[in-house]
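Chain IDs A, B, C and D follow the sequence of writing; residue 1 opens each chain.
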Amino acid sequence: MSGTFNILGVGILTWITFLPILGMIAILAIPSGKDEISRARSLNYFRYITLGITFIQLILTLVVYSGFNFSMPGINDASSMQFIERVTWISVTGLPMLGDLKIEYFLGIDGISMPMLLLTAIVSTLAVFASWGIKKAAKGYFAMYLLLVTGMMGVFVALDFFLFYVFWELMLLPMYFLIGIWGGPRKEYAAIKFFLYTLFGSVFMLLVMIALYFAVGSFNMFDMMDPSKFDQNSILAGFGTSWRYIAFAALFVGFAIKVPIVPFHTWLPDAHVEAPTAISVILAGVLLKMGTYGMIRIAWPMFPDAVQYFNWWIGLIGMVSIVYGALCALAQFSVGKRDLKKMIAYSSVSHMGYVMLGLAALNTEGVIGAIFQMFNHGTITAMLFMIVGVIYDRAHTRSLDDFGGMANKMPVYTAIMTIAFFAAIGLPGLSGFVSEALVFLGAFKTYPVLTVISGLGIILGAGYMLWALQKVFFGKLPERWSGPWDPTGKIYKNDDINYIELGGLVPLAIVVIYLGINPNPVIGMMTSSVNHFVELIRIGGNFAGM
Amino acid sequence: MSHDLLLKISVVILFLPLLSFLIIVFNQKRLGKAAGIIGTSILGIDLVLAAIVAFNKFVVYPNEAIIQWKFHWFSLGNRTIDLGLGVDNLAAMMLIVVTLISFLVHLFSTEYMSEDKRFPRFFSYLGIFTFSMLGIVLANNLLNMYIFWELVGLSSYLLIGFWYEKDSASNASKKAFITNRVGDLGFFAGIMIAFFTFNTFMFDEIFSQIRSGVLPFESGTILTAMGILLFAGAIGKSAQFPLHVWLPDAMEGPTPVSALIHAATMVAAGVYLTAKIFPVFTADALTFVAYTGAFTAFMAATIGITQNDFKRVLAYSTVSQLGFMVMSLGVGAYTYGFFHLVTHAWFKACLFLASGSVIHAMHHAMHKLHDHHSDPQDIRNMGGLRKTMPKTYLTFLFATIAISGVPLTSGFLSKDGILAGTLAFGNLSGHWLIPAMAFISAGMTAFYMFRLTIVSFFGDFKTEIASKTHENNTQIVLPLVVLAILSLWVFYSFNPIDASSGWFAKAFKPVETVVPAEYQFDFMMPYHDAHATESTEVSHGSHSYLNKFEEELHHQHYTAMFLSLAIAGFGILLSFIFYYYKKVDPDKVANSIKPLYLLSYNKWYIDEIYQKTFIGGTILLTKLMFWIDTYIIDGAVNGVAFIWRIFGTFVGKFDNGVVDGLVNLSGGVVGFSGSIVRKLQTGRVQTYLLLSIIGVILLLWWLF
Amino acid sequence: MTNELTLYLIIGAILFSLGVFGIITRKNAIMVLMSMELILNSANINFIAFAKYGGMNLEGHIAAMFVIILAAAEVAVALAIVLNIYHNFRHVNIDEISKMKE
Amino acid sequence: MNWYNIVFYLFALIVLVSAAGVVFSRKMMYAAFSLLFTFFGVAGLYVLLNADFIAVTQIMVYIGGILILIIFGVMLTSKFTDLEIKSGTTGTVQYVLAGISTIIVAAALIIMYLNVDWVQNPVPELESTVKPIGILLMTKYFLAFQVAAILLLLAFIGAAKIARRK
């Protein structure tokens, strides 16, 4: 089934990637409307177009999933990538200095991109429900949203480094505007911080990309992974040289900022606190995964020697992220504004630390755990941010001090939130447990001490999550919320969560529970890739005599 | 009944309570009071099935170690993660215990919780708890065990916090979950060591690998560590020192919950786990387990003496009894440890349900008197309940006798075995502190349990409330009676003073250790070490012992019995002198040993110490980290931004002064001419036409 | 003297210039319209003149005819607009009609 | 100086004088009547150029249609009782500038016309142009003719719509 699926002569991956652009054009073509009625009508058009487009994208992704061959490894082997689309994009010959410049439009997936593709499709479809309340400049919002989706999808399917970089940067722009225009009170600060941080990381990536290009003579990722393709005179040739370590470190920092890992994480709490709900969902659900995806797709296979050299440090960084993120999340109860969203943002730092730890394990359990954790963190944290959005839309505050006793006011909401919070804690039966357990089992084989210290994150995680649960739901309802949320009954008919919000949350809850009981659908598709990946890094690293 | 059918029925037993949960949780409003009937009847079916399975296991396959079933959960390509379930004798017995107590608690709750507005939800939670607990019981591997271990934690969290409007309840539930998490971290670390070494989670595979000499990191020390870490899960779940703090607080939950979870089943899970992994404990690990149990038993007993809350006394007594069980396993008295688990489950559930009955009655009485301030659980408000609630009184009294270890009760049989075990262990290993603590605790248990009975049931009504109480109806009384009857000796051994000849001791023979001899007490090593299979066949006679310890235990039996009778009798006598005949004023005694009294009354200040050290330390650490995050890391980021801004300002100045000066000059010229030209911009078509004509003229002029 | 074609063209040129002058200087919208008619007529004269002398023949006639058609259409619409403006402003002086609202 | 020339100069004079009257007269009714003469003179010139069909069209459409419309416009947009229906100008500066530049344009055009050596390609005289024009309209210019018809229709509908009071 490695053949490409074509629709109207265009490959399915291209469809998936660029479908949102079509939607964006459609949205831009529809006028916003002048009076109240026509504006409301166009707002509905925008919503349904966005939902429709992302839903079609989801269906197409499921089509890809159904045709996906679980046994083909991919990673550094172009012949076992699937759904390949390859045409020359930019081809300039006879340049001074550069010689021939050839950039390909090269798409394809393997067992590592497939889960991310699914995740992106799921999260970006469901986040539309969280965007339902956007009224301000809705046209721009939904257009930007769809552009963002294209950027994200593109990153996960690109196999040409240059193309990857283009998508990577493409997604920055809408994100900047989405935070900067539709955000909270300090949106400009948060947007600029996000933008500069990420750009800072991109610069490193760009430098390494160019260095690799000079060494290999093409932007093809597979060439860059193949030691025999390197020009013997280039600085990156050979194994275990300090130039390679520096290049790896730069690339690592570039991706690490996106993950984010301590100490490059401070953009995340600000961005999350200020971003609108749906954007927080996308940010936590998909964007953070791009960092670790980049590591697995690019940094690790290209520099296996450096990975082995730095591996302990990567594990350490993972451990620090886990514990540090958890402590900072817990700190939201004792200092600061007790912002629920900020707490969840720090919990993301902590949870992404598990991914780093799993990667550092460099064995099957660890890496599968890491990738599965990426997927699960995507779904679970998406739920968490949607949940915060629900209560924020009603109460217009996120401070934990303002809440209490919501369990009686909003029972269904409480049930959903309990599922999400316990999934984040890693309760067995929910998907978070499987991935965390695999990460720990794998990492323990490599770095027992780091792993056991990281275990503190489990306890601290239970601490802050239960604390938040208690603050919001248990105890007595504050006087100010004793009435209905919306006395006019126009926006919120009932006190409990409404159907649109449930539309976003329930599918995620089902995914979380289902994968907790039967993780095979996701783990199955990555096993052969991960085994190949682990072998590649281990052998590649040993090649250098490590 | 074939193995296959037995396992299928076990699966049904496991999932029936989950079905009950699902049915009720999605139909809360629709079902209303019917939820109780559904939950109870499903558990009734479960109980019947469990009885069938247990009967088959004990009668048809008594000699098969375990009947089990394994399956791939998911595959990692070159390795699979397996789950499975199995029924061994322990599990078969536990099935009965869990389903019977759960059934009785369901029945009890239909009346006890009938006035609660979240009545259906309560039953759904009971359902998911029973499911999780049965999952632990049926686990044949560490991973399964851990999964259900956590689910039990969740259901316990939900049930303790059932009345979440009360801050104390929601705090208690949180505390229970987090404290358990600490133990679970240790448990999981143990699992990681096991998986790392043996690449499997299955108990039988792990045992056989250790037997064949595979040790983690090739080190007996790490094996000890693995044992202790796995045992850490039990420390958390079974409320052993130092993680026992959550259990007394957990009494904030509804009383049936306390009976089900915090007395009979969930807290016993730790002991059950310890029993399951018993073969992997090395000498050092066993000693650790024994001391943990002994100290817990002792400490909890001292605290239990001075508490005034009806349920808290029972809670500390539970902790103390769990200490006994753990100690028993630690000293190697495997049979009696598990035996005590079962007997304790009956009488402690009886005690708790009886306390629920009392509280229920007190509550109603308070309601009648329009009193909303008194504490219905404070024993100082009770007294004389014997007259108003005779059935509750009788069952409670019988359970008290059982827990105190008076002959003709099940408690006597099991406790006697444990005490004999500690004596044997002390004799063989020289750790005499353990039997000492055990006997003192046993005496104190008798004392404070009778104190509780006398203060609350005997004498005169201390308050008007107590006089207005009356006996509860059948749904509440029936479970008490059933549980009290089960605390008679006959169910376990026909000989009321020696359990070793009864069926129970025969069904739960001590298991052989798999630890290599150099890491194990020599008295724990099987006699037939050299030729394993043959000697099991031979050991049929009345005096065939597995190892030297068993032999010693048998020899110490009568010594222990007399000692324990004496000490329990002394405790009972003392409590009658203090509280019934009031010959000695307990307050005076308390004052004469004030520091000790305060230590006991304030629960050894352990909560306070934790608050100051761990919790306070963590909060301080979080503050520090957040400070670092805000001021150092983010400060650095903002600082860099600030420096760039200053640089930018400087560049900007240069730009404005010099570069922009030139630009502004040209701009000024343009602006000036623009200000003239803009006058032409009248917005009138005619002007534009004129201008265009002029333009055409100029063009023509230029052309020619 | 020059040939006949040139004479016709000169008449057209003068007519054109007068039209342009009228458009530029007149305030009243109807006067502007009239001036425009002059310009159109000047164009038509050129067309017909070239039809006879420049070899355009009937093609020029057709063009002139279309110009007339367009002029008719234009005047009809323009006058309608003027009337509308008059209803709203009570005058038709174009330089004072600065707001195009309504 | 033959008959043809006399008639030509007469019509030319009528055209120019009346056109000047249109542009310079202060009273709008005078301007409108001057326009009548301009149209009439132009029609005469058409006849001299052998364009009989166009000449008739000029009289019928311009004089019979457009001019009537314009006069209606003048009368509807002015106060009827006010005999002095005047039209102001757009300002002295503009007036002078416009005068100078239009004179320059006219002069330039005339000088140019005089200096150009026109390719003379006289066509054969026709009895009547009506029939060939009709054939052309039905064949070569059929589409344009139809479009013009539709345009006219639309223009009139539009005019009716716009002129109607809201």
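We adopt the following convention: a residue touches a chain if its C-beta (ideal position, glycine included) is under 8 Å from a C-beta of that chain, and two chains touch if they have at least 3 such contacts.
Note that the structure is a prediction, hence the values are computed from the model and not measured.
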Most centrally placed chain - per-chain CA mean versus overall CA mean: A
Chain pair, C-D or A-B, that carries the greater number of C-beta contacts: C-D
Centre-of-Cα separation between chain D and chain C, whole angstrom: 6
Distance from the mean Cα position of chain B to that of chain A, given in whole angstrom: 36
Centre distance in Å when chain B and chain D are each reduced to the mean of their C-alpha atoms: 105
Cα-centroid distance, chain A relative to chain C, in whole angstrom: 68
Residue list for chain A, restricted to those that touch at least two other chains: none
Per-residue multi-chain contacts in chain B, two or more chains: 684, 686, 690, 693
Shared interface positions of chain D, touching two or more other chains: 90, 94, 98, 102, 105
Chain pairs that touch, as defined at the top of this document: A-B, B-C, B-D, C-D
For the chain C and chain D complex, residues of the former touching the latter: 2-11, 13-22, 24-28, 30-31, 33-35, 37-38, 41, 44-45, 48-49, 51-55, 57-59, 61-62, 64-66, 68-77, 79-84, 86-87, 91-93, 95
In the complex, chain C residues that touch chain B: 20, 23-25, 32, 94-95, 98
In the complex, chain B residues that touch chain C: 682-686, 689-690, 693
Residue numbers on chain D that touch chain B, as the complex places them: 90, 94, 97-98, 101-102, 104-105, 108
Interfacial residue positions of chain B with respect to chain D in the complex: 684, 686-687, 690, 693-694, 696-697, 700
